[in-house]
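Okay, so chain A shows up in both of these, paired with chain B first and chain C after.
Moving on, here comes the complex of A and B:
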């Protein structure tokens, strides 16, 4: 086991180490302060000293602890520039995006996701088959590089970023934690995303299609220079799902490459079902910019088609099913009359 | 001898001709494709139901089921085209041909012949429908005497024959969704999606509750009417369901004295 230069584990290796703390609402929350050394060593940050992120903590008890700030300078060097490494650029991107805390209304900043909301410093994990594959590859690295531990970590660093770590299903679940929460979206004056599962994209993801677009493919397409950290509001003109940009997003390589401009003019891509829209119209769809008469007309036409079929089904199938029930009674009547 | 005698005798019982071999084959293709399309389509419409995922996995899952659906849809469209050609061929061969032979060919006569075809709804169907409900609701004691095709059978026939020209093009547009937007606005795709699934739901409910009652669940047919396999209907069924035609054929075949009254 690697040496614990800072002696943090002297205490924090004890399972059961923890305390109850009061949060802003004076509710007691349990804080587990135990660190599983094996898990931590296997994680993305496993090579960093604790104090890289946990600043202060020179006194015991740690009354001088600072809040962890992912934008601070790490004590490791970025090999590409030889200067101190930091997540500052990405933290900056996030703060400028729709998810940046500065976008929130006063008092609602805590609703917005911070780094830890999506990134949990997971351990590197591989299936056995993947593991054997990587061991084969590592032999190539070890032809020149001496340290197996170093080579393995370097290899994982690259290969974990080369493959998609969250499945489409997990991404939809992650975004839905907030964007499907009606109360939270109302507070932020945003539309609740309830219609995505009804789209072909949503259905294909549900049935395990890995190729079809999830939230990030349209709201943060790498091809157009976006990343999950730089998602913009649909109302901003630079957004990949705003106005004229929409069709370019649909036409990304591997998607609707043959589509014409008209393809992206079909109103909302994942609308709420009509009844839901009616129920919510007061809250969410009456904002300036949303009261588009053309879209409203289109929605009305679609609703009318749907209503036509509902009526037809009820009248035709209902009427004839009634006929069948009466027919059973009539046949019984005839059989009785015949005495059979 | 005729290929299909109007009355066939088996074990001393009379059986009346209804469907030729080519018609029976069309029916088999129709129900096989419709059932396949329903099994590969409805799990997508009802994705949030507990049965949807196991059923979809069973019919091939997200990789294979859509292709089964598309190819089966093409077969059904092919059947639609074949059937349309088939009745147009029969119409010209039997009816327009007769008009030519009798030298009475005119636009009016052709239109009259068209509307007297056995599948076209007519005035009698309307009154039969009213009479049937009178009978079912105890206002009368007599089942209507249906001719060769009753209004029920015409319903059964036009349900799919109407449905396919809507389902097929709408399905094809959703299949070629990129290309179709070169000609129509994207909102049409949303409309096609509603039409495709709602029309399919109408068809499926109709087949399940109406058609399958007529040929499976009805106390007179249970467990299964056999006419779709044999092409012939028993005398008892003819008396019950097609009395006008029964009388007519018996007279044509010189069996007038053996006609059995309906409420025997």
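Moving on, here comes the complex of A and C:
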């Protein structure tokens, strides 16, 4: 890429390069075809030739372009096996997971996330502190390895995977783009997630706590052999949030390690309607009449506690306020009578 | 009794003993911290986002302070139980605090007076019906928040639904208590014209004779009959 062997940048370096295309619904969409070389070079795939992913494109205009397929073989070799590298295994995992397009009802396949939905080939970015740290570390690499460019890229390759790429807040936002979308979830006959942000986990995440569980910690715990690519539906018995597996998921290291069996036997984490009681806000029922009897009973109990306290607060605090006002008026009357 | 500036100094009576003032101070500080750090969990998204990248650290301190203050308030409540059970001043406190029929009649008589329907305020004793209500509300409220607080602290022992119930009681009781303390207690000891701007009993422990006659005439009569009062 550095020397632009394929001459792609001859055209694609032009900032104005783009066109309007029609999608399958005949809506015009803007396609930006400009490639910022510096940004691309700093990205995860920055050393790959364009044609590694963009197959075809031998003709101009590129009428022969194929859709990018992350499962195809790259032109680089996997140093661990010396064979062609590919994301095929992960693409396979994703296709078998709850997010695999084959899980979708006919006509709704496009709702499901593809690789690019989460992976945007981001540039390697670092904070200044990280940068200084890595420069220090790179000096160690460069004691033996001659190419600074190679060493830096290798270091980034490792260090970026060692740290968490998305914060809990970003993960919740990413998952919520679909799972908090009532219409989309209704189409797929799934429960819309409405209550997570009102749970203790959700509140801690809102503050920026990185220790507390986000979506992935329970739905794709690495400790139990899951990855974000292999998330399963709760209805599948192998799912970490299904039936008997649930308690083990709660008990994973760093979390509720000593939890008793009963810890996971009742109560919902989310979606929640009344399960997170708010004094000032009212969560509307997720799917009226859809809850099983046990959940409906629990929601009723929590609702009644909330109602009890709301009533008590109005009566007690209102009564106290009224009493105080009357008292002040009475004392003023006394003082006037005394000529004070 | 004449003081240096020639004004006659008012007689004072002991309203709160030293032990009771210390108990009040611990209760005041820890409850204040508990309300503050507790309601930080109920903040709207935009409020929390104002903390920016410091949010994580603030959340960590919030959780720690809430637990420390929770322990402090539990200790002071247990201490208070021993205080009312085993000390002379404590036993006299609880004896005067126990509600009786008299308090019920005081309620409608006093309300009648405040509305201008009766000529005189009912004569109230050492603790008025409102003070008794406040005091036993603290007993009741503390029982609930301490119990549910311990449940949520030992979350691994309980089914999630029990924790949801505990959380609902904890939040409900805390909201009720916070509002009742502000509207009931803070108002009564600061804004009430008898004591404005502040009832100083929680600092020096004394009540002036004038206020005592006005708010607790029965108690005043008792004290004067018993002894001539602590002349200061």
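Definition applied: the second predicted complex is superposed on the first by the 298 of 340 C-alpha atoms of A that agree within 3 Å, B and C clash if a C-alpha of one lies under 4 Å from a C-alpha of the other, contacts with A are read in each partner's own complex, and residues count from 1 in each chain.
In the analysis below, contacts are C-beta pairs under 8 Å (C-beta built on N, C-alpha and C of every residue); 3 or more make two chains touch, one makes a residue touch a chain.
These numbers were taken from a predicted model, which means no experiment stands behind them.
Looking at the shared chain after the overlay, A:305 reaches both chain B and chain C. Of the two partner chains placed by the overlay, chain B and chain C both lie in contact with A:260.
In the overlay built on the shared chain, the residue A:204 is in contact with chain B and with chain C. Touch criterion not met for A:177: it reaches neither chain B nor chain C. Residue overlap on chain A between the chain B contacts of one complex and the chain C contacts of the other covers 197, 200, 203-204, 206-209, 256-260, 262-267, 298, 301-302, 305-306, 309-310, 312-313, 316-317, 320-321, 323-324, 326-332. Across the complex, chain A meets chain C through its residues 197, 200, 203-204, 206-210, 256-260, 262-269, 275-280, 298, 301-302, 305-306, 308-310, 312-313, 316-317, 320-321, 323-324, 326-333, 335. Taken together, the chain A residues at the contact with chain B in this complex read 197, 200, 202-204, 206-209, 256-260, 262-267, 298, 301-302, 305-306, 309-310, 312-313, 316-317, 320-321, 323-324, 326-332, 334, 337. Contact residues on chain C toward chain A in their complex (touch as defined above): 41-42, 45, 48-49, 51, 53, 55-56, 58-60, 62, 111, 113-116, 121, 130, 155-165, 167-169, 171-173, 175-176, 179-180, 183-184, 187-188, 191-194. For chain B in complex with chain A, the residues that touch the partner chain are 44, 47-48, 53, 56, 61-63, 132-133, 135-137, 143, 155, 177-179, 181-182, 184-191, 194-195, 198-199, 201-202, 205-206, 209-210, 213-214, 217-220, 263.
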